[in-house]
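In the part that follows, the structures are each spelled out as structure tokens.
Two complexes come next, and they have one chain in common, chain A, joined by chain B in the first and chain C in the second.
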Partner chain A sequence: MQKSKFLPRGRKDRTMVLVDIRETKSAKAADIFLQVRPGKDFELITILRALIKDRQVSDQAIAETGLTREVIDDLIRRMKGAKFGCVFFGMGLSMTRGKHMNSAALLTLAAEMNAFTKFVAMPMRGHGNVTGADVIMRWQTGYPFGISFSRGYPRYNPGEFSTVDVLVRGDCDAAFIIGADPGATMPQPAIDHLKRIPTIVLDPHVTHTSKLSRVHITTAPQGIAAPGTAYRMDELPMPLKPALKSPYPSDEEVVRRINEAIAKKPFWLPDGSQPQMLNAQV
Partner chain B sequence: MTTKRFILNSSRSSQQGALINVGKESPEYLALTNSMTMAQKDMAEIGLAEGQMAMVRTEFGEAPFKCESGKVPEGMIFVPYGPPTCKLMGGDTGGTGMPTSKGWEVEVVPL
Partner chain C sequence: MELQVINNATCTFCGCVCDDIQLHHDDVRIHKANKACVLGTAWFLNHTAEKKYPDALIDGREATLDEAIEAAANFLYEADMPLVYGMSNTTCEAQKECVALADQLGGLLDSHTSL
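Up next, the complex of A and B:
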């Protein structure tokens, strides 16, 4: 691990605390493992927020999280004593009861810790280039996901414009899936709607989504046979150089050719004119 | 038939991530995503043998899984994400865009 001016002994100067509902392989890499009771993340974060500000918290409230006061006091001492603390949080927070409230509480804790020392929080995304999608959407539109362009300008509303919700409600009558496999990860009602509507998939592999789609266009895999940029989890862009040649076009080329074909057709507005934003892009 | 309820958590693993690149039709990927891990004591309590198939039911759907014992807390089940877990998931995101995929209360019926 990186050695630095302020942490000359590398890993030995760092402390890793793992909080999870079960002991995973990561526990072996951690200095301290805290086994929290399932569904008690929000409670634990709220208790930490109270205790760092020396507020009173009952023993019963602490016991409900599955941890002891001694363990939490030790954690707070370490957090406040750190030169630079970083909280990595994953889908155990965002996909359980409480969802965005859990994440919001954790981000607030990280912000409040800056009254004592430097502290940040960073989401741990899943497989692939999820960070890249978030980053690009953010600098293009100002929002990371759940965006509607139906009025010609970006509007953000998770729960309304987010993929699962749009599919489950049956709002869309066509779907264009690029480099993702919702057919293997999304709730069944969303998958059922993808089966009902014309779904077009761009993917190097045959996936569960391509099996239910009307059209599957095979593309060259990014970073292997097509150039591109992947974003590391800390949002650092990594340019990818293709090592192999592929007979298939890249995702970018397919999308550009579809765009060019669409641009030749008259727009659907009654007078055939296009919204200002689309005109600027074309 | 048992009435004992368990908390099911679907999660990602490094093995699952590697197998995605091997292929989602590969026997290894299918075996992994169709397996669930439970505590030995829980399996004995509901009459499940090592490697036996069990039907897992939520309020939204059901899917069969091969049961394996592992180091997990009692009352909990862990399954890697995959097509079988999709069948157990409801479509409500609570206005967040993110469906609930962990902490489901499920019923397990040995097959």
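Up next, the complex of A and C:
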């Protein structure tokens, strides 16, 4: 691992604490492993938030999380003693009981830790350029995901406009899927709805979702045959260096051409006029 | 065929987006991906420049790109509440077009992040 001016001994100068409901393979790589009770993430984070500010927390509340007071006190001592702390969090936190509120609590904890030392929080990403999707949507609409333009301006409400919920409730009546394969990953009711409505898929492969779609368009794989930009997990934009030439068009080109084809039709407002909410600044 | 080398190439298979990969490639395939992890190496080596799939499919039948674009535009235009979803395995430039698409349609826009 990287050695630096402030951490001359590399890994030995760093402490990794793993928090999980079961002992995974990552536990071997960690210095400390904390086994928390399933569904008690929000409670644990809230206890940490209270204890870093020296508030009273009852033994019973601590026992509920599956950890002991000694372990939590030690964790807080290490967190406050660190020169630079980083919390990495994943879907185990954001997709279990409490969902968005868990993430919100964790981000608040990271913010509050800055009263003592430098502290940040970073979501662990699944596939490819998800970080870029966040950044681009924030830049263009002000929100990172779960957006509706149905009133002509962007509104944000995860739970209402997030895809799984929309599909399970059967709200949408067409779907445009790009660079994702919900047909392989989403719950069955969501997949059933994708089958009922016209689904359009852009992908370098014929995927599970392509098989249940009305339209599939093959595109060049990004980074291998399609140029462009992708964001690294720490939100640094990286240029892609495609090594191969693809017989297929890039995603960018296909979506732009679909946009142009739709722009030729009258707009959906009653008089057919089109307000331009978002002006892409390039 | 001559082998070419690209230094500091970017891997976009997983969310880490490593940016220090060394690729050895010819016109058809990538032969070596130095510094990439197991997943990244498999991703680089499995893609070729060959044409493995049809340009487009409409209702499971092969179609041309122009027909598919027209069909996609029609389906999305006729919908009252279209959903634009995904955007993980694609470039920022394409993502920006997707935002414009959802805006123009008055639809929903969402990424993998909400999962």
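The rule we apply is simple: the second predicted complex is superposed on the first by the 271 of 282 C-alpha atoms of A that agree within 3 Å, B and C clash if a C-alpha of one lies under 4 Å from a C-alpha of the other, contacts with A are read in each partner's own complex, and residues count from 1 in each chain.
Here, a residue touches a chain if its C-beta (ideal position, glycine included) is under 8 Å from a C-beta of that chain, and two chains touch if they have at least 3 such contacts.
None of these values were measured; they are calculated from a predicted model.
**Student:** Identify the partner contact of A:L107: answer first if only chain B is touched, second if only chain C is, both if each is, neither if none is.
**Tutor:** Touch status of A:L107: no partner.
**Student:** Between chain B and chain C, which one contacts more residues of chain A in the superposed model?
**Tutor:** Partner with more touched residues of chain A: C.
**Student:** With the two structures laid over each other on chain A, which partner does A:V164 touch: chain B (first), chain C (second), both, or neither?
**Tutor:** both
**Student:** In the superposed arrangement, which partner chain does A:S246 touch: chain B (first), chain C (second), both, or neither?
**Tutor:** Second partner only, chain C.
**Student:** Just checking: does A:H205 make contact with chain B only, chain C only, both, or neither of them? Give me first, second, both or neither.
**Tutor:** both
**Student:** Contact-wise, after the overlay, does A:V120 reach chain B, chain C, both or neither (first, second, both, neither)?
**Tutor:** It touches nothing on chain B or chain C.
**Student:** Could you tell me if A:A61 is touching chain B, chain C, both of them or neither one (first, second, both, neither)?
**Tutor:** neither
**Student:** Go through the superposed model and pick first if A:I224 touches only chain B, second if only chain C, both, or neither.
**Tutor:** In the superposed model, A:I224 contacts chain C only, not chain B.
**Student:** Touching A:V255, do we find chain B (first), chain C (second), both, or neither?
**Tutor:** A:V255: touches chain C, not chain B.
**Student:** Please work out whether A:A190 is in contact with chain B alone, chain C alone, both, or neither, and reply first, second, both or neither.
**Tutor:** A:A190: touches chain B, not chain C.
**Student:** Identify the residues of chain A that lie in both the chain B contact region and the chain C contact region.
**Tutor:** 91, 95, 126-127, 145-146, 158, 162-164, 185, 205-206
**Student:** Under the stated contact criterion, what part of chain B meets chain A in this complex?
**Tutor:** Touching chain A: residues 7, 9, 11-12, 17, 20, 23-25, 60-61, 71-73, 76, 78, 81-83, 86-87, 89-103 of chain B.
**Student:** For chain A, which residues are in contact with chain C within the complex?
**Tutor:** Against chain C, the touching part of chain A is residues 91, 95, 123-137, 140-141, 144-150, 152, 154, 158, 161-164, 166-167, 171-180, 182, 185, 197-198, 200, 202-206, 210-211, 213-218, 221-233, 237-241, 243-252, 254-259, 261-263, 265, 267-268, 274, 277-278, 280.
**Student:** Under the touch definition given earlier, write down the residues of chain C that touch chain A in their complex.
**Tutor:** Listed in rising order, the residues of chain C that touch chain A are 4, 6, 8-17, 19, 23, 25, 27-30, 43-44, 47-51, 53-60, 65, 68-73, 75-115.
**Student:** Which residues of chain A touch chain B once you look at their complex with the stated criterion?
**Tutor:** Those in contact with chain B are residues 21-23, 35, 38-39, 91-92, 94-97, 99-100, 126-127, 145-146, 158-159, 162-165, 168, 181, 183-191, 205-208.
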